[in-house]
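Structures given as structure tokens follow.
Note that subunit A is present in both complexes that follow, paired respectively with subunit B and with subunit C.
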Partner chain A sequence: MMTEQQTPRTKMTARDVRVFYGSKEAIKGVSIDVDMDNVTAFIGPSGCGKSTFLRTLNRMNDTVASARVEGTITLDGEDIYSPAMDVVQLRARVGMVFQKPNPFPKSIYENIAYGPRIHGLAGSKADLDVIVEKSLRRAGLWDEVKDRLQDSGTALSGGQQQRLCIGRAIAVEPEVILMDEPCSALDPIATAKIEELIHELRGRYAIVIVTHNMQQAARVSQRTAFFHLGDLVEYGVTSDIFTNPRQERTKDYITGRYG
Partner chain B sequence: MAEHTIKAFDDEIDRLRGLIAEMGGRAEAAIENAMLALQRQDTGLAAEVVAEDKRIDAIEAEVEKLVVEIIALRAPMANDLRDVIAALKIVGVVERIGDYAKNIAKRVPLIATNQRTLEPISLLPSMGQVAGEMVHDALNAFAARDADLAVAVIERDTVVDDFYNSVFRTLVTFMVENPKTISECAHLLFVAKNIERIGDHATNVAEMVYYAATGHTLPDRDRGTTQLED
Partner chain C sequence: MIGPAIFLLLAGLGAIAWVSARARAMRLQTAARAGGRRDAVHSLPGYHGWYVALWTLIPAALFLAVWANVAPALVTDAVLRDPAAQTLPADGFSRSAILGEARAIATGAQAAAFNPASQPFVEPYREALTEYGVGGAVLALLLAFAGGAYAFTRIRADFRARTRVERLVMAVLLVASLLAIVTTLGIVISLLWQSLRFFSMVNPIDFLFGTKWSPQSAALGYGNDDAFGAVPLFWGTIFIGAIIAMIVAIPLGLMSAIYLTQYASPTVRRWMKPILEVLAGVPTVVYGYFAALTIAPALRDFAVAIGIHGASSESALAAGLVMGVMIIPFVSSMADDSIAAVPQSMRDGSLAMGATTSETISRVLIPAALPGVVGGVLLAVSRAIGETMIVVMAAGLAANLTLNPFSSVTTVTTQIVQLLTGDQEFDSAKTLAAFALGLVLFIVTLLLNIVALRVVKKYREAYE
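Here is the complex of A and B:
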């Protein structure tokens, strides 16, 4: 059974968030809180808006020319869409891991060291070494790569590359980690390692994961949000969503009756 | 309810529900025939009830196997999950109900006494009928996913309990007045206790039906008024 926090430490809030691609409304007024103590999973069929919404949380949609975001999203109470917000800083605080592992075509060491160096988190080579080791340890990769840190990151297996990307996100000391289908390109063993890693990282970072795999949502999260056609249909305790969903649409989707 | 995208899943759920309906029907028939055999001193019918219980046991094993397969292969969720879990628990209980009917049938040859000397036996058929109806309704409630019917079954358990208390007092009084009938009356006491347990088990089935239908468990209720708990 999950351990319930009495008062979850709210990290991010979204209020009546709408996303438009041109005139098409892809997200239709979503309000949700993401907290530090629970892994939050976003589930829903393709095109439901779960990835689009995830991307609003660190302003990745800014890079899509036709995308427009309305509503309010805060990080520790601060509006992340305010003009005062430094987007580069924001994306360090709210890191992201993508569907396909995308390590830099550099050494394993450099993949981790790059972020802390440009963000000025390390004063010396020794500081950087410490950050690299700590990040790789937290990413569950250290023991596998400690003897070949100068090898190319792209030479690792898919699962190792994905953990390298998680390590890279961790290295800049984020507060939130967003994961967009982080295991869909991985085999079951590599997937299990990522899921175990998510479990270990819980509490240290607020984690939001988008997944097509409902079993994965059930395994890794304590809160589940079901999206459908741009609506947040239901958001609740994961075990409730999977044993006794309140909404008909949620029930049909998770029992395999959708469409 | 809408169909699953994977049709084979629907087929398995249908088969599961069909097996439970058959099992419930057989348990109900076993109760009815056991009581009939008792009233008519029909040892042939009693032997049939005993033999038929094997089929109830076989269905239980079949359902258990099917449930394990469904959980392993289909990873059922939400109401599907609750249905499957309830099915697994219900067959265990219905199997016990079958055993109680069998126990009653087994006593028929031991109560081979002229019925007229054994007045208290007259209360038992009505008691058996109520318990049989509870089993019938509990299984119907499962088939129809009818939480209200399940609650109605649970409420009826007190009727069976009242019957039991009444039969108990009657039998004790009768034994005091007719010491020669003590052996037969003792068997009848066990019969009454078996029927009372059938009512309890039908109640358990109804509680599971309620859970499967609503996703909530019923609050603990007053467990009736039987004088003797076993």
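Here is the complex of A and C:
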């Protein structure tokens, strides 16, 4: 566990972030750092704001008309909510994988090529082929689909679809990958594959994963943040959170007293 | 006089039946409850009331309906038994004229006789009418009493009045839905029948593939050969309804749907969507005015100004443009539905990749919604080619086979109107041609609707 002793390379910082839906305050002043070397897990009972907070990190809350964000969030020191920030660029740098696999109703190839095309990352068809293969390999899907790249992405199994979505996110070379309960719609075997994939991707990308499965948080993450009713109750090294929580609320949740 | 009175009487009887049957059932219920058995009466008292009331009304009403059809013949028979009938002329036409006049005087619809010959029959008619009228009324009332009494005696604690009433309600609903289907079937059969008569006079091949349309010359006795080539009509219909109108309606309808679903704020959407839908409720004759009186002359002037030959004051372009505007709400609302049906997760997925809203629309939403949009367009085409008023007013009558949108063309529906309006003999090829045209139109729109509905359905299954 070398990396955990070194000073982590901080990628994103949030300071006193508050999110309002209309007049309701869904996130009540959260400050947290996300770094390149550790997988960060957000845990907490349903409705605690962990997904809402995740969606502030790539400004997906912009699509919700009633949502309003206060506080500062930076990516490499740049304020992502400043008017100078191009949200299209931001989302290319901060990719996202959703709860339910949502491949586009296009071929496997086109699903991966979607991002590189809209961001103009590939100069030629050959470049694009390279990107598609590399992304699928990193997503651990290449061997399963290399002979049927023109099949529809929606025809894959649920677990394959989710890895396709991870590959799609990887294809635009993001720096951060946000995963919103990526395994909640998958069976245990598919879940194990995704968790394995998260291990492999660690270090190359800053990874933030929201999960309601505490065992999963313990397995895949090195840093864990516990959210409750819009508050960040506790944030620290995963093993500490699970074996030696400092807060009473964290302890109650971990031991299954509520949630 | 007897008519309204008998209906009032029957209604009164029905009400009495309802009240008394309900009262009886309530007494049964009270008695059963007093005995401590809560569920001893099967149906609520109201159902018993309805059961008896319906038995009172329905047989009597059915009888009256039959009687109203049978009685006139019986009355006439009675009058003809009068000795004065010997003097009637043998000729059927003048005979029924005299009898008709006598009947009109007898019922009070006419004050005095024009033809003195009808005078002797007035009195017999009056007698027969009263006799059969009163007879029918008495029979109906007897039936009502009999039905009501029969039903009333059946009221028991365990009688399942509710089941009976529910079954009748179901039967009424079934008849209502069958009525529409049976009517449509009747229309199709008559259309087929008249078309077959037409095709016995004109070769179907000549009709479907001939390029010369001049039913007038056939009517003037120049023969049916090559006067009924309907290709110019088919072309005109497609040119206006499926080409010009769609060039207007598809892009505008699609763009308005995209704006409303993706860009408009909820407030704007709340106002614009109903306004757009109101467009669909404007009577087509109003669009017709607009096309004929405003658009068509303006287009002709424009065409003349830029030096196009053959510009007519009734043009395919005028009718097509206005029809396109009329169709916009159809296309827009279908496209709106299918874009809205694309899961939000698709949109999120694309936006999270760093795609802009317009990239998301053109690369993800439209392709995913395409089958629904295509279905909507097919429905719009089928509506456009069946549209009549606009083309009658603005497209013209000349059966030209032309690609020039400024010239006058005619359509299937316009020609049907032309062939059937005015005084026509009903067994000439000219009139019957209208039915053959109607049949073709019917088949084409039917096929379009079937294809469109299948496309839409298939697409819906893909996401649910």
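Operating definition for what follows: the second predicted complex is superposed on the first by the 254 of 259 C-alpha atoms of A that agree within 3 Å, B and C clash if a C-alpha of one lies under 4 Å from a C-alpha of the other, contacts with A are read in each partner's own complex, and residues count from 1 in each chain.
Keep this in mind: contacts are C-beta pairs under 8 Å (C-beta built on N, C-alpha and C of every residue); 3 or more make two chains touch, one makes a residue touch a chain.
Keep in mind that this is a model prediction, so the values were computed, not measured.
> Following the superposition defined at the top, how do subunit B and subunit C come out on subunit A, clash or fit?
fit
> Let me test your reading of the model: by the given contact rule, A:165 touches which partner, first (subunit B), second (subunit C), both or neither?
Second partner only.
> Determine, under the contact definition given at the top, whether A:47 touches first (subunit B), second (subunit C), both, or neither.
neither
> In the overlaid three-chain picture, which partner chain does A:22 touch, first (subunit B) or second (subunit C), both, or neither?
In the superposition, A:22 touches no partner, neither subunit B nor subunit C.
> Contacts for A:98 in the overlay, against subunit B (first) and subunit C (second): which applies, first, second, both or neither?
Once the two structures are laid over each other on A, A:98 reaches subunit C alone.
> With both complexes superposed on chain A, which partner does A:257 reach: first (subunit B), second (subunit C), both or neither?
first
> Given Cα centres, how many degrees, to the nearest 10, is the angle at subunit A formed with subunit B and subunit C?
After fitting both complexes on chain A, the angle is 130 degrees.
> Check whether subunit B or subunit C contacts more residues of subunit A in the superposed model.
If we count touched residues of subunit A for both partners, the winner is C.
> Rounded to a whole Å, what is the shortest Cα gap between subunit B and subunit C in the overlaid structures?
In the combined three-chain model, subunit B comes within 33 Å of subunit C at the C-alpha level.
> For a test of understanding, state which residues of subunit C touch subunit A in their complex under the given definition.
Residues 265-266, 343, 345-356, 359, 363-364, 367-368, 462 of subunit C touch subunit A in their complex.
> Which residues of subunit A touch subunit C once you look at their complex with the stated criterion?
My answer: residues 58, 60, 63, 65, 88-92, 95-96, 98, 100, 102-106, 114-115, 118-119, 165, 168-169, 172.
> In their complex, what parts of subunit A are in touch with subunit B?
214-215, 242-245, 250-252, 254-259
> Write out the stretch or stretches of subunit B touching subunit A in their complex.
1-6, 9, 74-82, 215-216
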